[in-house]
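Reading through the structure tokens given below for one structure.
The first chain written gets the first letter, and so on, giving A, B, C and D; residue counts start at 1 in each chain.
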Amino acid sequence: MTDTAVLLIDCPDRTGLVARVAGLLYEHGANILHADQHQDHEEGLFFMRVEWAVGPADGRSGWAFDLEKFKAAFAPLARELNMRWQLTAGGERPRVALFCSQHLHCVADLLYRWRAGELVCEIPLVISNHRNVEDMVGFYGVEFAHVPVSAATRAEAEARQLKLLAQHRIDLVVLARYMQILSPQFVEQYPARIINVHHSFLPAFTGARPYHAAHARGVKLIGATSHYATEVLDDGPIIEQDVVRISHRDQVEDLVSKGRDLERVVLSRAVRWHLERRILCYGKKTVVFD
Amino acid sequence: MTDTAVLLIDCPDRTGLVARVAGLLYEHGANILHADQHQDHEEGLFFMRVEWAVGPADGRSGWAFDLEKFKAAFAPLARELNMRWQLTAGGERPRVALFCSQHLHCVADLLYRWRAGELVCEIPLVISNHRNVEDMVGFYGVEFAHVPVSAATRAEAEARQLKLLAQHRIDLVVLARYMQILSPQFVEQYPARIINVHHSFLPAFTGARPYHAAHARGVKLIGATSHYATEVLDDGPIIEQDVVRISHRDQVEDLVSKGRDLERVVLSRAVRWHLERRILCYGKKTVVFD
Amino acid sequence: MTDTAVLLIDCPDRTGLVARVAGLLYEHGANILHADQHQDHEEGLFFMRVEWAVGPADGRSGWAFDLEKFKAAFAPLARELNMRWQLTAGGERPRVALFCSQHLHCVADLLYRWRAGELVCEIPLVISNHRNVEDMVGFYGVEFAHVPVSAATRAEAEARQLKLLAQHRIDLVVLARYMQILSPQFVEQYPARIINVHHSFLPAFTGARPYHAAHARGVKLIGATSHYATEVLDDGPIIEQDVVRISHRDQVEDLVSKGRDLERVVLSRAVRWHLERRILCYGKKTVVFD
Amino acid sequence: MTDTAVLLIDCPDRTGLVARVAGLLYEHGANILHADQHQDHEEGLFFMRVEWAVGPADGRSGWAFDLEKFKAAFAPLARELNMRWQLTAGGERPRVALFCSQHLHCVADLLYRWRAGELVCEIPLVISNHRNVEDMVGFYGVEFAHVPVSAATRAEAEARQLKLLAQHRIDLVVLARYMQILSPQFVEQYPARIINVHHSFLPAFTGARPYHAAHARGVKLIGATSHYATEVLDDGPIIEQDVVRISHRDQVEDLVSKGRDLERVVLSRAVRWHLERRILCYGKKTVVFD
């Protein structure tokens, strides 16, 4: 096992971008494990993800890729080519907070995956406006914060939530069926760092009670969508979607039941991809490198 | 091979419905091949489909179920229980007209399936506002009518179309990517007898250019929907839907290309199910017995 | 909410079966909620599932369907028509034991669903040949039995397992990625009452290391299968299957990771359908009423 | 619209491959439209596909990428790095022959797609051991050759088929539900240039009558597989697979009917990807760049 570094780039498209980035990595002796790029010809944009080995995972053995030296050489190139970029070394584990309400299937799923090593991160904090998740959070050894929310106390509750996030140095907020709407002021503190799951195939059935709406409309498939939260409800860049077939035999409660399995899968994929730095956001869209 | 009869029923729900219908069929000696029923508990409605053998398909051999006698006995029961019902014998082949415009993948698919015996019906007529389908229609030995449509001539064109439908005694109209909007006056002539395919996962992306809209929104799956046309555009009871995965690599033309395969499948299933009398409409929904 | 009764029937096919069963239920005043039947024309078999209300779930209010009286009337009919049948009242909660080994994703999923009320049963017992599940089992308040297995001690271990199952009056055994092979002697104690999940799309890739085999063969989809265990490994009647798309980018560990989500869903559906008495087994097949 | 060139490479993996190929293209002024690469870490192999603009599609305007000059510079690099490579300019249209037997759904689908411009190739020849496709082939303006096959005349028939392929300078043979087995001698004439569709989810149900076998086994999903033909039946590198859900209600004829739609889609995708030079074969596997 080796530790790896991931470089994510987006910039205006022009010829020679791959050659220059790959050339620089080659000069520095990078052993590239995965490389992927994408061009949006309409928008004239270029996206790239490169992952390479930086040293043995145990940190003890001799060899190591000199990340600082590479950074020093890459920065002027990035400036010249007008790149936005993130360079992260695999040893860094992002710090994640989970928000939930009464329905616990998503939060239970994420906690289990985290403990099983499927999600490479720290989860130091779970926040809920209900108490029914408390014992499960305790079982996983995570700190629980009960933050009740009402129309009257929303601003105060968000202030408390933001303080908790700051105290725990949270990098990513996951809304695991958190049924309260976050204010634009909250959302803009974590741009492209709040992942939500909506229980419909967006853009159909935004807002409240999407399974009821789907049942009323008589659709033959129901869906779930994970996306980055933005100021506009259910409107952020979509990360992942999936659907399952239903029939006239399915009542609303059957939709809810079938939908739970979709929500778990669609949300956990989004969180994993974010943690593996596979996602680039632009405008209302995502590039998800697989 | 035997010919079969199909009885489709919907009525207010009450106890004993299955017992009474099944009992009557039993008394008349029906050999039931398939029976399916459904209750909508919210609306208090009952739906049933029964299919039974009525005689050998060649019509020569001796035995035959006495359909007229059964009908005479069933009618009073149906009145008593407030049933809407249709009884059709398998030998009857519905007469279908196809409408299309420039994109021919759906009409080509339906004509091929019809000739191959996958669709048990007659197709005496294809109507298009373009001429590019003409040679293919000729190859299949079907009459072609070129009915151009413009904003100024819409009413006149529809009058001509309706006349053609009447002349050919059409039972079912299939809009196989017909890109003109039919007037409410046209639609109400064929209630639950016009099947349309819309190239999105309804209710998302109604109206024009749904693939462009899907691309702009950045969805991760695209869909297609077949439904009965009603006076409100893209709002009729949904018969079938399906989706296919896309990624950031797919441009609008890739969505169009992937979508074509969905449209073919979703429309042809709807037509087949309609011809096999598997579909019951109520309100904005369908029951599709499989 | 009402309690319900479920009647499952299979018998040789003949005319009038639906009429006679539905007629008898009608005479006894049954309010049928769901009824479904199926004929296997090749084998000449008939299958039926009927569910009806037997009284309010709280048990306090006045009305109740007289189940014993119905049973007494139904038994002679069943004998006459050569039926195998099961009649269960919804209040009965089957007792389920989970078996697992090192991989805990399926057992964690089932325990969570059980606590959340998605699986209507008792789970008094979890058996594993490893200890890593112990704390989770404890969290859910279930008894844990550690039964190590080796080639030398297999017979002894199975004897101990069977004793535990008997002590806990277990109705259904769920092999939640239990990696030991059960002997035919064990399996025949629980005919159609042991549900296993195999991590391939059966009948492809039976036996050990199916993800490695799938990777070596270069398939483009991987699957998972839940089935009733029989004496022949991976050969029992299939209950449910599902697949997910993979590509050349996926290494064996990616297949394992994607497969876990399939296994969870495919196994939990099978368990739920079994508990809801939706499954009838015959020969190597199942009828699953939805 | 521009014409494009596609370079496909596979070679032993080593550092700097992307840098050197991208660098050379950059030096020659290539405007890269798509680039994708893949490493098989287990086998130590590297795969790459690059597509770039070589000039306006009409061929009239001034600018053009100098393909010959690039080739001259690339050849020594390829030798040094031990690359297998193909460089094709988009203007070249591969010449495709279709083989079929009695079931025409795949051949009808491919002919339609070809005429509609979905498949960028020439189709000068259709060969069948039956005559029922003849009028359709005539409609599309393609030459038809009737080559009957029996056990006694197989060698002779194959000689005639090979002669026809040579006469028409065929690049790719598509077995569109051709129900005769080709000899190893035939297959080795067209390595990785014969695409077959098998009506099962390989490796399950190889050989004859896979839908019957699937029905007998009681699977809950059926599949179809497109693959390159090799000397061993149904064993070649898989290009694409897809599945559809079935239930106990589906008889063998329903499987056949549902399977037809799978076969069409799975085969046409494989042919399109081959024509777009998206596929690299190695061992028993394919890399399919999307």
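Assume a contact is a pair of C-beta atoms (placed from the backbone, for glycine too) under 8 Å apart; a residue touches a chain by one contact, two chains touch by 3 or more.
Since we're looking at a predicted model, the values are computed, not measured.
> Consider the two chain pairs A-C and B-C; indicate the one with the greater count of contacting C-beta pairs.
Output for the comparison: B-C.
> Of the other chains, whose C-alpha centre is the longest way from the centre of subunit C?
D
> Starting from the mean Cα coordinates of subunit A and subunit C, work out the distance between those two points in Å.
For subunit A versus subunit C, the centre distance works out to 35 Å.
> Could you state the distance in Å from the CA-based centre of subunit C to that of subunit D?
42
> Could you list which residues of subunit C touch at least two other chains?
41, 247, 249, 290
> Once bound in the complex, which stretches of subunit D touch subunit B?
For this pair, the touching residues of subunit D are 104-105, 108-109, 112, 116, 118, 135-136, 139, 247, 249, 257, 260-261, 265, 268, 290.
> Which subunit D residues qualify as touching subunit C in the complex?
Subunit D reaches subunit C through residues 38, 40-42, 47, 201-205, 216-221, 223, 237-243, 247-249, 251, 283-288, 290.
> Quick check: in the complex, which residue numbers of subunit C touch subunit B?
Answer in residue numbers: 15-16, 18-20, 22-23, 25-26, 29-37, 39, 41, 245.
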